[in-house]
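Look at the two complexes coming up: chain A is in both, with chain B in one and chain C in the other.
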Partner chain A sequence: MTALIASSSVLTCLGSGKRTFQAVLDGRCGAGPLRHARAGALNVTAGYHIGKDDPERLFRARTWLVRCVAAALRQAWIDPRRQRVAAVVGTGLRELASVEAWALDPGAGRQPFPVDRLDFGAAVPGVADVVTLSNACSAGGHALAVAQDLIELDVADAVVAAGVDAMSRSMLAMIGRVAPAPTEQVRPFDADRTGVLLGEGAAAAVVVPEDSTQAARPTLGRLLATGLSCDAQHQTAPDVDGIRRAMSDAFSRVGRAPGEVGAVVAHGTGTALNDPAECAALKAEVLAAGADPLITGVKGAVGHTSGAAALVNLDIALRILSTGRVPPVVGLRRPLPEGEGMRFVVGEQARFEPRRRIVQTNAFGFGGVNAVTLVEAA
Partner chain B sequence: MPSSAAMDAGALPGRPAGEPAVLAITGCSVHLPGADLPGALDRVLPAPTSGPGSRSWAVRASAASCPPEQAATLLGRKGLLAKEPATRLALCAVHRALGLAAGQRARDPLRPDTAVVACSNLGNVGTVVDIVRTVAAEGGRAVSVLAAPSASSNIVASTVALWFGFAGPNLMVCSGRAAGGDGLHLAGLLVRAGRARRVVLVAAEPDDPVASALYGGPLRAGSGCVVLEPAGATATLATVAPAADGVVAPSAAALGLWGDCYGALGVVDLAVAAHLVAEEGQPQVKVSFDGAPPGRRAVLVRAEA
Partner chain C sequence: MTAAVVTGWSAVSAAGIGVPALVGRMAVAAAGSGAAGAELGRSWDGDPLPQPRGHALPGFSVREQLGRKGTSSYDRGTALAVVACRDALAEAGIEVDDATRARIGVVLGTTVGSFKSTSDFSRETLVQPRPYLVNPVLFPNTVMNCAAGQVAIRLGLQGVNATVAGSQQAFLASLRYATMAIGRGYADVMLTGAVEEFSPHRAWAAELAGSNRNVPVGEAAAVMVLARMEIPVWAGRHRDAEILSVATGYGLGGDAAALTGCVAVALRRAGVQASDVTTLVTGEDSEEDRRETGPAAAALGHEPQRLLVKRSLGECDAASGALALAVLLALHRDGKRDGELSLLTSAGTDGAVSAAIVRGWGRDGAYRE
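Up next is the complex of A and B:
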């Protein structure tokens, strides 16, 4: 048994999944001024915000998550009252932004905090079995891996793999703390990249079994596998060997060859360390196997959506499969030297041909947690 | 669909598809600084039979449960700088569940076959709040870069992996009170899906002022760990499987005697149950997971058949 993606719903600074994909195809960037109060103290001046509301309004992540999950369930024709439905929510920062607002309030300690809203256990209407995985910037990829396991082991009839993150002041502060100068825009794989910026985002995909009843139901693509690994090498710096293990795990789980990869939606954070490490791992695992994939990434357009990032990448991958169009890496002008010989999509969109090939998506997180997902047309 | 020896070994013959499999517990520890484990057990279990071993694990566990600020006595000094109490407590629990001696470091080659599933909700809230208060009072330059990893909520899981060299899948479960039950559920999936041959399930919560204020009540700082492998593993201490209705001996509720460990409670109870079966002669102990969804609210820990 393999698994299918029945639906996918996304919300980024550029809007819905459809709008986001079109904007990225057009080369648009969703960055704007960071709207947090007293942002100057953070040494971060830009960000990728959803909507126009106050970024420090309480429990914003939950509202985006609920919206995406409801849309995904509806599009997949799933009724949690009639089927065994579980949900796995990946998040890097949970609702820590609300904890911070609570703590900075002069009345903190006098007002109780609803601790059960720190996670997203109650945020999926109609679904009792909800697990919150806080797996940093690859949380959504880990949620997708668990979702596929639940389907393949027949524990559930449908699983919502979701991801969500708002920006926390503490994470902004750490980004500002290590940046020599504030970054204006994420520029993945660019020789002159200046670092990462956070993007607000949510995404949900419904994973279902591939079986005989599926023919008449919505299908966006086949979920081949998600490979997982932990570097176990460094608290924050990526490790090429650890990333390679996640890639090889994905291919070996499904018994497919890296040479079949036609496009990669890369992690591409625009940091000094990530992009060369990701290039080295792709060269060693995918290019060395004979593939010459088109390489794109969306963080220049939508920022680093952290817990949602892997599932935003998945949505892009599914749209590459359905449209045959690969968007350019927004923010990339001159590829980094470590990417020499790799086919980055620069400036204009590219054709994804032949359409039967695999699209690979990458997500790596703090603590060396890696998730690599493979999809193909169903 | 991937298949593996691990998955096959973990499934019982004749089980209908979808039913969770039996796992072996091959290591366990309870790390509750300041808790009187033997006294708590005396309140719910018959008096121990005389002779060596009787409740001695609880005496040893109480004595070995160093507070987080003294974690170096167990873990060794190197690497503990800027580690939060919950992370230290988790490291202590894993160290003891692996049976390592005080000060012994087990980080030889990486172990890609070993996964980590860590459970904690409040482990990094103290650091997160400290960062934003420092920025508000003194500006961003005043924040220590050593705090950076703790701005991410997976700090407990990733630190356990880094410390012990566990390079398999690494999951951080932050699902409130249900975290322990969810963690066991995920550990079983990792084994059955062939993603890991061994899963280190660890849970820890702190009791710092921010955590307690957020929680809105007193917390018991502590941690627990169980090491899980496919059924039939050598050195099996006990097995764990979904509970059948009506089997309770002793009552699961009685195991919450050491205070409220919030997201760590489920794994602490599981580890206590494993000790009771392996070292107190209890044939079986039911563990309930408060807050868990229907279908996985309880498990039965029992002696290996």
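Up next is the complex of A and C:
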């Protein structure tokens, strides 16, 4: 049995998945001034915020997550009260921003934190099985792997793979204190890239079995496989061999060849170390196998959405499959030397042809945890 | 049905380091002592403690265990996890080499990673003089999956590497993740455990939340070496336990029916008779605390002998379930309980519940293929 993606719902600084994709096609960047109080003192001046509200309002991450999960289930025609539905949520910081805001509030901070509000069970009745994975920036990819496992093992009729992250004050302070100068915009794969910025984001995709009953239901694409690996080298520096193993794991799991890849939605964080390592791994595993994929990435447009990043990439990949358009890498003007010979989409959108090819999406996290997902048109 | 086999295990806790320390401690606990925890004094690493007692291992030294090289940036939880994983591999008799390392994965349960590392790092960003720069080497310790990553680096384990956040549920959720990772071919062996370090931060959190009334705060890293049923030759020849099933669920507002249902699912998946379950291992902290025993007994139709691990080893939060299984296997070590079935449960304050059915064996005891 194989798995399909029935629906996908996304929320970024650029809006819904549809709006986000259109904005990225248009080359727009969602970065703006960091709205946290005393942002300047943090040595972080810019960020990719969702909406216009106070970034320290309580339970924003939960609100976004519920919105995406509920929308994805609705679009997939799934009723959790009638079907076996599980949810796997990937996140780096969960509601840490709320915990911090709560603790610093002179009134609320004296009361115990309402832990029951961390769970979204009440907002999505019937989802009885919820697992939270905290695999840093590849959490969403690991969630997607678990979702496919649960479907192929027939443990559930539908699984929501979701991811969410908001910005916490402590995370911003840490980022500000390990960077010599503030970054204004993420510029993936650019020779003059200056580092990463956080993006607020949430995403949810519904994974269902590919069987006869699914034929008449909503379908966005076929979920081929997610390859997983651990660098076992360094906590923060990426490792080309580790990334390559996640890629080869993905292809071997589904028995397909890297030569079939037509486009890559890259991890592309715009940091000094990630982008060259990702280029080297793609060259060795994908280009060397005879593929010459278009390479794009969204973090220049929506920031690094951390726990949601892999699923934001998945949404972009599914829209590439359905529209045949590959958006440009927002923020990329002059590709890095390590990317020579790779087809980065710069400035204008490109055509995804032929449409039967595989779209690969990458997500790598601290701890050396890598997740590479492959999808194709169903 | 068997989901996976335990070919070795180890633990670091207030009882000490390794299997013999835990086996010895259980003999002492059976005699009815040790429940109050060790005398830790008024402070810990220079920070005041709310209570002078706790189930910690104050003499634990990462340098003594692992040497100086590569360990200077470890936080306590990472060090505990690395030592427990190293010892668990040794207990299983697994040699990690280039032929096997990509087939060995790691999954560890946590609450929030190292609460102390995150707090200390955040505090540094506020109290450092200009230009406010903090030690970037300590940054990875603030990430929740730090311990699992360092285990992989130290022991050279390149298989799937995951961290499951779930506090009291963390271990059983990790166990489920591991059995699935093995069943789905991501790895042949999964180091599966959970870690929670002792720190003034956790001690104060428990004090302010009032959760330390029955048992003091503890610390532990406990790790099982899980292998698929057809154990590869290199993955160890012992069979310390069989994980027959794991189930997880959720009940709004701590609904007792959720755990009852979860236990029923675990029994069905394991394919065993409820009447054959002889031991119930819960996260309860006193005889009077029946939050898990009640719903579990309702599913079983009887009340097995209870094993309350927290009473002798403290409140270890995310590591509770892993330490409980380690204690159960320590009790199995002498072979007198060979083949007995146990039910492990946990229930969190947020409504999450989980259950597992385990069959334990003494080392090289009565188990025969």
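Methods note: the second predicted complex is superposed on the first by the 360 of 378 C-alpha atoms of A that agree within 3 Å, B and C clash if a C-alpha of one lies under 4 Å from a C-alpha of the other, contacts with A are read in each partner's own complex, and residues count from 1 in each chain.
Just so we're on the same page, contacts are C-beta pairs under 8 Å (C-beta built on N, C-alpha and C of every residue); 3 or more make two chains touch, one makes a residue touch a chain.
Here the structure is a predicted model, which means the values were calculated and not measured.
Participant: Sharing chain A, do chain B and chain C clash or fit in the superposition?
Facilitator: Result for chain B and chain C: clash.
Participant: Who contacts more of chain A, chain B or chain C?
Facilitator: B
Participant: Per the contact definition in the header, classify A:81: touching chain B only (first), chain C only (second), both, or neither.
Facilitator: So A:81 meets neither chain B nor chain C here.
Participant: Is A:52 in contact with chain B, with chain C, with both, or with neither (first, second, both, neither)?
Facilitator: The answer is neither, since A:52 touches no partner chain.
Participant: Which of the two partners, first being chain B and second being chain C, lies in contact with A:130: first, second, both, or neither?
Facilitator: In the superposition, A:130 touches chain B and chain C alike.
Participant: Examine A:231 and indicate which partner it touches, taking first as chain B and second as chain C; both and neither are also allowed.
Facilitator: Once the two structures are laid over each other on A, A:231 reaches both partners.
Participant: For chain A, which residues lie in the overlap of the chain B contacts and the chain C contacts?
Facilitator: 43, 92, 94, 96, 112, 115-116, 118-119, 121, 128-136, 142, 145-146, 149-150, 152-153, 170, 173-174, 176-178, 228-236, 242, 245, 253, 365-369
Participant: Using the touch definition from the top, list the residues of chain A that touch chain B in their complex.
Facilitator: 1-2, 38, 41-43, 91-94, 96, 99-100, 102-104, 108-109, 112-113, 115-116, 118-119, 121, 128-136, 139, 142, 145-146, 149-150, 152-155, 168-171, 173-174, 176-178, 225, 228-236, 242, 245, 252-255, 365-369
Participant: Residues of chain B touching chain A in their complex?
Facilitator: 1-2, 17-18, 20, 110, 112, 116, 121, 125, 127-129, 131-133, 135-136, 139-141, 143, 145, 147-149, 151-155, 157-159, 161-162, 165-176, 178, 182, 185-186, 189-190, 192-195, 210, 213-216, 291, 293-296
Participant: How about chain A: which of its residues touch chain C in the complex?
Facilitator: Listed in rising order, the residues of chain A that touch chain C are 43, 92, 94, 96, 112, 115-116, 118-119, 121-122, 127-136, 142, 145-146, 149-150, 152-153, 170, 173-174, 176-178, 228-236, 242, 245, 249, 253, 365-369.
Participant: Could you pull out which chain C residues touch chain A in their complex?
Facilitator: That would be residues 101-102, 105-106, 110, 112-113, 118, 121-122, 124-126, 128, 132-134, 136, 139-140, 142-146, 148-150, 152-153, 155-166, 173, 176-177, 180, 183-186, 209, 248-250, 252-253, 258, 349-352 of chain C.
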